[in-house]
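Next up, some structures in structure tokens.
Shared between the two complexes below is subunit A, which has subunit B as its partner in the first and subunit C in the second.
Moving on to the complex of A and B:
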């Protein structure tokens, strides 16, 4: 017989007070917190019960729900102190620790409570939730076992017990209990939850490596499964596992009947037919053509076929693909062509086709031409010309021909000046050419044409951030965020990560490293939130029987930080932390304002002004103070004592989840090497080499590490492991200079590799003058990849000191040189020059 | 028609002007060649909420002109072709006498690339239907450039009659205008 709360051995309450206590519990359950506190006061003011432990615990619990966390903590602790033998006090203490996210503490407290009150199901449930949240599968199993023992008639008890076995990979036990449960609980008719259970059983069987049994059970229960697509997909996969490709092919084909746009089905079909891989392109094409014939309206087989052909055949198919989309105005037309841009020959075909269309438009008149070559009197709808010009602009933008891209987008705008996409594309062309201000101008124009569209609003905000105008960006984005609230904080509450990444980068570009770091930490904060969010699903999914999805959720959460946004945010943070070490003076954002030749008085005056500005800012911030969301202070972040340690925290999350990015490993290797963590650095280098052995950024880290390698003093097992890893990464090469020289020769035609060589060389030999070699590289037309992006990297790298000392003249030489290549780039003194009114688009209209 | 003009404004018109008016009256409505369009687009009208596209259309169609037209939710429309805004119509209410009003439609425009697709007709029909649906509106009126033949054809086809010729109504392009009228009261 369980002890009811309020009756613990050390402080039993008399009848009257016990009545009050029951009312507290009831008020708590009904969320009538104020009433609950009133009753608690009644008990606590009774002589002899001023320190009544369980009442204090309940009071603390209620206070916690009312958001008074500090007070709640104290109350609960006081309660626990005065009644250490009460399970209620321990349980509440655990609950409070849980809300503070001290999971280990909470688990300990729950266990203490259970020692006193062995069979309390509520505590067992709370404990099991924390155990699954912290992935303590053994503990989870034992809690679930106790729960099942106590509540054998509850479905959730059975399911929890089964899932626990499954997660521990004890498949035989899991399957045995599942089979028993299914046998006793088969419903007579339609039942969605039973259908989910059957699919879950199937999942466990497949993971247990029993595809034959799985298939047999699937067929037996096929009438019970209401998710037909899941049934068919599972069946097809099982047939493939059992090496019955003919039957599997049949299932994939019937799935295509349901949805001919699903790319995965085409892929699987190829596998079943044994025609995967580039050597069977012909057979793949035949398959796709047959399916295209069968599904007249399907885009997927037609689009996939484009990627398999070349030359005249490509031209013919592109013609058939593009003309209907141009007429329809399908925005995805260019996106569907993007995979072809990897192959210069295919790009030529696209370009020649576009030019043919444009010429016919011009020669025959856009209102008379028919791109179909049909002899009847039909002609193109006027929108064809519009979308053709847009396509041409996209094409030339992709080919980095800014002049032609602008010319075509101008034609499109003249044809249809109200189309939002026209102005967006124009902005995009300017962005790619490096004139962010002009890009903002046109994106703003586009935004004005459709103020009710959040997508274009977001784009405009993003472009403003690229142009280093975070305040204007916030004003723009505020049009769609909650009224009366700062746009930035609302977007943070909404976990809008593109915004945080872009504004973080904008602040970095403006030398406001504290603010930039803050944004990166916001991203980290969101990922933590998502990990915590799964807590609610542990009970919900078992109750709702959506166990397959639940298992997927658990596995997804385990690898959550593998997401690209996390990587980008972490990269931003790590680079700033490294900068703190390398260039501590950069962290003072006002350093730039103090110029040479200013008198002391002037400096004093300016400092005073800055201080005043800051105080004003702080006052405003105070006014805007909010309760929710991450409270991260930019200045505090900059004051960290251990920037490398902070960086390493981010690194840990990048490499342990096996990021697909080679640059991620390079970055981690750099941090670990600086921290003297030899094995971790080597492990990252090794993973990086596996991904892309010749990646320039990885090469820089390889050289840096190898140079430092002889200075590490290692012994024992660490030394043996390190030696082995070094051989894996470097082969027999142990000389940093030689490694670098070989790299230079092997990749002399790549600009990014040349930059890597120079950075590494400067690291080995800081006296080396590579300035003229780099300048020549930037000029040399036989060197590939001299993009604007790389030029900006070079410029930033010079400022950082990565490429040795550059004189003012040399910097100016580089500026002129790059300006010649990219005349619109603001970074190199270019860009559109606006004559004072009327607003004339000088560069555009001159054509 | 001529007689009515003479009755109403008899002394104000020269013979030459009447001649023109008469020509307009008797002008045969040319059956405009409708194009066959492969994959024809959808045309629909919608309210004007954001006025920015209107400004863009105006300055594009009327060569930089911008009149800051009064926009009223019920009396103005954008025309969409394949979801692209390509034209507009703006009307306003004018008092005549007593309770009677006329619906004056001040501007209609379709981008050059999208003309001769029946969009103008749809916009005009909107004005006619609006005028007919409003109780105290007796007529729909407008000014049209005297040298804009296709436009005059369109109005003729829709039952408008010439009420007046006004010399040099559009000083910018040195053009005369007809004041046209359609009775809409039942």
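Moving on to the complex of A and C:
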């Protein structure tokens, strides 16, 4: 017989007070916190019970729910001290530790409570939740065992016990219990939850390596399965596992009948038919054509076919693909062509088709022309010309021909001045050309055409951030965030990641490294929140029987930081931490205000002014003080004593979860090498080599590490492992210079590889003068990849000191050279010049 | 009037919170299971709560070495050493991706 709370105490309460205590518990359960506190006060003001442990514990618990965490902590601790033998005090202490995210402490407290009160299901339940949250599967199993023993007729007890076995890969036991459960609880008719359970059983069987049994059970229960698509997909996959491709093909085809736009089905169909791989392009094409014939309205088979053909055949198919979409006015037309841009020959086909259309438009007049000769259409609708010009602008933008791209978008705007997409594309062209201010101007114009569209509002905010105008960006974005609240903090509450990332980058570009770091830490904070958020689903999913989704959720959470946003945020942070080490003076954002020629008095004046500004800012911040959300202080972040250690925290999450990005490994290798963590540096280099052995950024790190390699003093096991890794990464090469020279020869036609060679060479031999070679590289038309992005990297790298010393003249030479290549780029002194400049500025400012 | 507007504002922004609060609801679960009572006894007899594993001796210095070299938490290293039956060389190689 379990002891009810209030009687478990070593400080037993008299009848009247016990009645109050029961009322406290009841008030807590019904979330009537104020009433609960009132009763607690009644007991605590009774002489002899002012230190009553369990009452103090309950009071603390209620205070915690009311958000008074500090007070709650004190109350609960006091309660526990006065009554160490009460399970209630320990349980509540655990609950409070849990809300503070101290999971280990909480688990210990729950276990202490259970030592006093062995069969308390509530404590067991709380314990099991934390065990699954921290992935202590063994502990989870034993808690679930106790719960099932105590509550045999509760469904969740059974499900929890089954899931525990499954997660421990004890498939036989999991399946045995599942079978027993299903045997006794098969419903007569339609039942969604049972359907989910059958699918879960199937999942376990597949993971147990029993596809034959899984298939058999799936067929037996087919009438119970409500989710027909899941049923069919599972069946098709099982048939493939069992090497019955003919039958599987049949299932995939019926799935295509349901949804002919699902790309995965086409892929699977190819596998089943044994026509995967580029050597079977003909067979693939035949299959797609047959399906296109069958599904007249489906886009997928027609689009996939475009990627398989070349030359005249491509031309014919593109013609059939593009003309209807131009007529329809599908803005996604260009997106469907993007995969073709990898192949210069195919790009030529696209370009010649576009030019043909445009010429016919011009020569025959857009109200008379008919692009489609066989069709009965007498002439094109007037919008065909518009979408054709948009397509042409997209195309030339992609080909980095800014002049033509702008010419076509102008034609499109002339044709229809109020189409939002036109202005967006114009902004995009300017962005790609490097004139971020002009890009903002046009994005703002687009935004003005449809102020009720949040997408375009977000785009405009993003462009403002690119143009280093975070305050204007916030004003823009505030149109859609909560009224009366700062847009930035609202977007952080909403875990809006693109915003965190873009504003972080904007601050970095403005040398406000503390603010930039803060944004990167917000991203880290959001990921932590999502990991904590899964806690509620441990009960919810079992109750709702959505166990397949639950298992997927657990596995997704385990790899959550694999997401690209995490990588981008981490990259931002790591690079700033490295800069802190390399260039500590950069961290003072006002450093550049104090110039060489200033007198002491002027400097003093400047400093005074800055101090005043800061005080004002702090005053404002105080006014806007908010309770929730991450409390991360930009200045505190900059004051860290151990930037490499902080960077390594981000690195840890990148390489342990395995990033698809080779640059991620390069970045981690740099941090670990500087930290003197040889094995970690080598591990990251090795993983990077596996992904892309000749990646320029990885190469730089390889050279840097190899140069330092002889200086590491390693012994024993660590040395053996390191030696093995070095051989994997470098083969027999042990000379950093030789490695670098070979890289130079092997990749002499790539600009990014040349930059890598120069950076590495500068690292090995800081006296090396590579300036003229780099300048020549930037000019040399036989060198590929001389994009604006790479030129900006070169410029930033020079400022950082990656490429040795550059004189003022040399920098100017580079500026002129790149300005010639990219006349619109602001970074190299270009950009659109507006004669009555204030007018253009005003349109942005006033909105 | 103004107050009412305020309320509506809040509602508009918080329409999902009620649904969300249900997720963390800890109400007592239904006892609606049909069960063959023998079944549970059989199950418990056939499945011990904690599967017994062979005892593996993990040396403290091995743990420390890997934790320090690879900056990993103790739990991860311990799990890996269990996997390799306490073989520190194998554990280190595996964690280095070899």
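Here is the rule we go by: the second predicted complex is superposed on the first by the 831 of 847 C-alpha atoms of A that agree within 3 Å, B and C clash if a C-alpha of one lies under 4 Å from a C-alpha of the other, contacts with A are read in each partner's own complex, and residues count from 1 in each chain.
In this section, contacts are C-beta pairs under 8 Å (C-beta built on N, C-alpha and C of every residue); 3 or more make two chains touch, one makes a residue touch a chain.
Computed from a predicted structure; not experimentally measured.
Once the two complexes are overlaid on the shared chain, A:708 sits clear of subunit B and of subunit C alike.
By the touch criterion stated above, A:329 is placed in contact with subunit B alone, subunit C being left untouched. In the superposition on chain A, A:721 contacts subunit C only, with no contact to subunit B.
In the superposition on chain A, contact is made by A:419 with subunit B only, not with subunit C. When the shared chain is aligned, subunit B comes close enough to touch A:382, but subunit C does not.
Greater residue coverage of subunit A by touch, when subunit B is weighed against subunit C, goes to C. Once the two complexes are overlaid on the shared chain, A:180 sits against subunit C while remaining clear of subunit B. Residues common to the contacts of subunit A with subunit B and with subunit C across the two structures: none.
Within the complex, the subunit A residues that touch subunit C are 138, 141-142, 145-146, 148-149, 151-156, 158, 165, 168, 170, 173, 176-177, 180, 183-185, 482-483, 536-537, 539-540, 543, 648, 652, 677, 679-680, 682-683, 686-687, 717-718, 720-721, 724-725, 728. Chain contact summary for the complex, subunit C toward subunit A: residues 9, 13, 23-24, 26, 29-36, 39-40, 43-44, 46-47, 49-51, 65, 69-71, 88-89, 92-93, 95-98.
Subunit B meets subunit A in the complex at residues 35-41, 49-50, 52-53, 56-57, 60, 81-86, 111, 113-114, 116-117.
Taken in their complex, subunit A has these residues touching subunit B: 324, 327-329, 366-367, 370, 372, 374, 376-383, 385-386, 415-419, 448-452.
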